[in-house]
Amino acid sequence: MQDISRRKFLGLMGSAAVLAGLGVAGCGGSGSSSDSGSADAGAGDSGSSSLSGTIVCSGATSFQALVEDAANKFMDANPDVSISVTGGGSGQGLSDVKDGKAQIGRSDVFAEAKLEAADVEKLVDNQVAVVGMGPIVNSNVDVDDLSTEQLKGIFTGEITDWSEVGGTAGPIQVINRKPGSGTRATFEAAVLQGATVPDSWKPVAEEDSSGTVVEKVQQTEGSISYLAFSYYDDSKFKALSVDGVAPTAENVESGDFKIWAYEHCYTPADADEVTKAFIDYMLSDEVQGELVEKDGFIPVSGMKVQKDADGNISNK
Amino acid sequence: MTRDLDAHAAKIGKQDKIATGILTLIVGLVLALLAAIVVYILFQGLGKMLTPGFLTNSPLDDENPGISFELFDSFYMLLWTLLFSVPISLGAAIFLVEYAPENWVTAAAKTAIETLSSLPSIVVGMFGSLFFVVVCNFHVSILSGALALTMFNIPILVRTIQQALEDVPRSQRDASLAMGLTRWETTTKILLPAAMPAIVTGVVISAGRVFGEAAALIFTSGSAPARLNFASTNFGSPTNPWNIFRPAETMAVHIWKLRMEPSQGNDVIAWGCAAMLMICILLFNVLARVLGKALAKKMTAE
Amino acid sequence: MTNTRDIILTTEDVTVTYGTHEALHPTNLTFAAGEVTALIGPSGCGKSTFLRCLNLMNREIPHCAVGGHINYHGHDINTPKENLYELRKSIGMVFQQPTPFRKSIRENILFAPKRHGRIRSKEQADELVETSLKQAALWDEVKDKLDRSAYALSGGQQQRLCIARTLAMKPDVILYDEPCSALDPLSTMSVEETIRDIASTGICEAIVTHNMEQATRVSDRTAFFYVGDMVETGPTKQIFSNPKDQKLVDYLTGRFG
Amino acid sequence: MAKTKEEYKDKKMMPKGQLESVGLGLTGACVAVVAIVVVALIFMVAQQGLTTFFADGIGFGSFITGQNWIPSDGRFGALPLIVGSFSVTLLSTLFTLPIALGSAIFVVEIQPGFGRKIFQPLVELLVGIPSVVYGLIGLTVVNAAMRSIFGAAAGTGAGILSGAIVLAVMILPTVTTLSIDALAAVPNAYREGSYALGCTRWQTVWHVVLKSAMPSLMTAVIMGMTRAFGETLAVQMVIGGVEKSMPAGLLDPAATLTTALTSGLSNATTGSVEYHALWSLGLILLAMSLFFILIIHLIGSKGAAKHD
């Protein structure tokens, strides 16, 4: 109750600002809000013996389901905690946690790729899972394996026909993801290896989401795209192996399959009790051992290789 | 000469017939298109919609996810939107019809409302995501969403109410003013009751439009199903359904969201949701007309 | 019907301008208690405009300015300070179209008195409804259906209801703006009778009409308007039997109108 | 002055003048709230959108005329998006216009009873169908149709043509309803005059009714275009979303200002150049809405001048 009345107060302040026309001036000053996060206010509701509070977790949609599942279990165990898991994309997640609008910001890319170095320093990177991703094609395409070089050719527009990579002749319909997407960033980092895409070439579609990618690949003759393992579905499309390595969790863990990324849960350096507890839970065996694999991700603990923010891979 | 005239008469007569034929065909096409759209949606989604549990199960249910939270959120969001937009629109419309002095203030107000009516809903959503969510500090919440929808709804409502008020005969207004009554009394006691059927119809039809809006909501009220606990009594908790400071996902946003995440069975749920949305909107339209007619009847038979 | 009666309203050089167009040139007229004054003339001559000055209804029209003095009980009401609402309680108006509100007959009568805070008891309300309707000669026709919608009445009855509604405000002036032009001859007769009856109670009345017979039937004095000018005024009998101005002669003989 | 004043000592009621001020205040406040929110919106969009040009150092000219929208490379050329928006808008208007106008003529001139009572309410139902549902249908029906008609040339079926077709259906009710109103507003005397001269119905419609309704018809079209220009999710689902370079043909996947906004906002972090550039797109959308309003006003005043 305390929480809502405080917010109501803020709300009234906001409305008053609108009425006075001050809201206009107010927004001009600063783009970010200075809210300290509602968890503190919520935590004051009851005693400090058991966990209570509110966590807002926004950001990347690619592992939203995983976090939701974990959050539901966590809330079942801690009835006074409420976690609201919202989407918005990696950019939004990082902005929200940076601006204090969320306690956890999900991202499928390193924060270094999107935020200023000064802002990154204020955040803690919690890598909660690894996601492997690989090329997928329409079920009618009679190619089962592509080399990294061939993928590079296809995704830069140099290779345009399936006959050039050993399949039956027919145009290659490239379905890409939006430039800002973490999946695309990961895929391009591993496949293009620094090669630039000429301005003159473009794919037949740039999709916002894995959902539309699945649909388009399934429906479009001769299409190719890429997708996280968690979305793999043999009934809808065909997953390719790369350089002869099959897209499996084991191959990612061993470092043989190169296209993968961390799923990050960024928290502020001074995160509150509840948030820390939830992150600990995310990294516990209960989540890592069960949920992560169930949802199609790879536990970080099993990885034999690691990646840094610049994309350099090293053995653990 | 006469023959030419006859030929001409025959020609224009034929022209008239052909034109009528083409026009009839066009109208037939439009009706067929409408029927096709409605039938297609129902064909794709009705089966899922009528599956037991679809309308009552939580979207987070593992076995048989439903849309109960989305259904609730859609109506709850609509409720708040109407609570905000109806009084404001009513006031603005009354001002414009009854008080508006002919000066730059009125002109500016009219332009403002017109601007609002032509704004793309994504721009309203963007503005909301900065203004309501950040500047007013309402967070991504039902409140922010309802306020964004209010901006979207106000111009539609103002125009409807303005029209309804203007359609009340001028003489009613004069008669009341001539008895020494204020414009305020005239409007609230004479004009509004007389315009009520048209206003109610307008409000319900606008509700249908609000109900289906998604673009303005994605960045203001969120696009993830909230975990709702209908037994919750803590109104500050994000799981409390009545808490307007919690994020929410309406049916329209849910459809958009489901297309984005390719989990098994999502497309079927999306179509089920679309069918439900469609039926709600059909009901709104029917309700609008029935209510309007009933009110008008009640008033004249009083 | 001579000058012994109390003068209630006098206009001194009253003008009406819409924007820059002067629709009514300076007009001087007096209205006395218990008298009916008819304002006649071809359409668009300014007679309705003039009538609407008398209870300041022209103030409701944008860009309409009224000049000159309007003396009501010897006090100039054409000033910005004048309390419109008080004034209109005493100077009632009946319009061309019958304009009952979408309410019951009783509520139509009581609507304004209630809003002016004049109704303090049910008995008083009932009495006011009865006396007003009786004065408007409508009581016998509607006394059993006071709670029915006013729209169930005939056109003539509706117009008399509007008169009753005005009477319920206890005005001492009633202005009629072509009250019969939307009515059939029988209804017209009953409304005219009502107007005469009301005059006999000492109320001052003014009626705009383009029906010259009506003017002769109901009025004591007549004023003739032509293209924004009040051309001639005098006792009704004199105006119709012995017109002086050529324009009035032409009008009366049907040359135009 | 009022002799009745003593008779009825007024009950405790708010003086009329004061009551009127209350009414004026209350309703005026509503208008003021709306106006302030609109001003705030314009201010905020402009402030955020102009940052791109003033603080982030991107030239307005190169923003508008740049042919590549690749935010990840720091390349912000909005021309492909502007071209995308205009092509779907114009194309959909082109598709809708004959159908809307034909229906309106039928409703007003041929079968007014059926038209007003049955046809118009049914068409207005189309307005109520949510844009995501249109998108869903577009995705399954229109895109598939494109693929089966044009084969590999259509790619996934997503493209400008698909977007325009979906939009055409979406703006059909707006344009139809407004056209009906426009035609119905033509005084009957005009028609009777034409019939009296022995003209057929078609001649009357073509030479008399359409001509005198022209300003209102143009307004109807502009209103439809406004809606098409601002439509977001339905288009996003069917147009392909390729923002990086100029569309080369009707079957080419493309993006519009609105679709680039929706997909970009979730990936951009607040305060970044990309974020500001997206607001600049919002600013262009805002400017276009204002421009459409201006045109409607110009048509209105021109029409009025003609009638004087």
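Which chain is which? They are A, B, C and D, in the order written, and residues in each are numbered from 1.
Assume a contact is a pair of C-beta atoms (placed from the backbone, for glycine too) under 8 Å apart; a residue touches a chain by one contact, two chains touch by 3 or more.
Everything numeric here is computed off the predicted structure, so don't read it as measured data.
In terms of Cα centroid distance from the overall Cα mean, chain B ranks first. Centre-to-centre spacing of chain A and chain D amounts to 35 Å, using the average Cα coordinate of each chain.
With centres taken as mean Cα positions, chain D sits 16 Å from chain B.
Each chain gets a centre from the mean of its Cα atoms; for chain B and chain C, those two points are 47 Å apart.
Of all residues in chain B, those that touch two or more other chains are 130-131, 180-182, 185, 219, 259. Those residues of chain C in touch with two or more other chains are numbered 84-87, 89, 115-116, 169. Multi-chain contact residues, meaning those touching two or more other chains, occur in chain D at positions 16, 32-33, 37, 39-40, 44, 48, 139, 237, 262, 265.
Under the touch rule stated earlier, the contacting chain pairs are A-B, A-D, B-C, B-D, C-D. Listing the residues of chain D that touch chain A in their complex gives 32-33, 36-37, 39-40, 43-44, 47-48, 67-68, 70-73, 139, 143-144, 147, 152, 155-158, 236-237, 240-245, 253, 255, 262-272, 274. Residues of chain A that touch chain B in their complex: 1-4, 7, 10-11, 13-15, 17-18, 23, 26-27, 31-33, 35, 38, 42, 45, 54, 56, 58, 61, 64-65, 68, 71-72, 75, 82, 84-88, 99, 101, 208-215, 231, 233. Chain D contributes residues 1-5, 7-8, 10-13, 16-17 to its touches with chain C in the complex. Those residues of chain B lying in contact with chain C across their complex are 102, 169, 171-172, 174-182, 185, 189-190, 193-194, 299-302. Residue ranges on chain C touching chain D, taken from their complex, read 72-73, 75, 77, 83-87, 89-90, 115-120, 169-170, 172.
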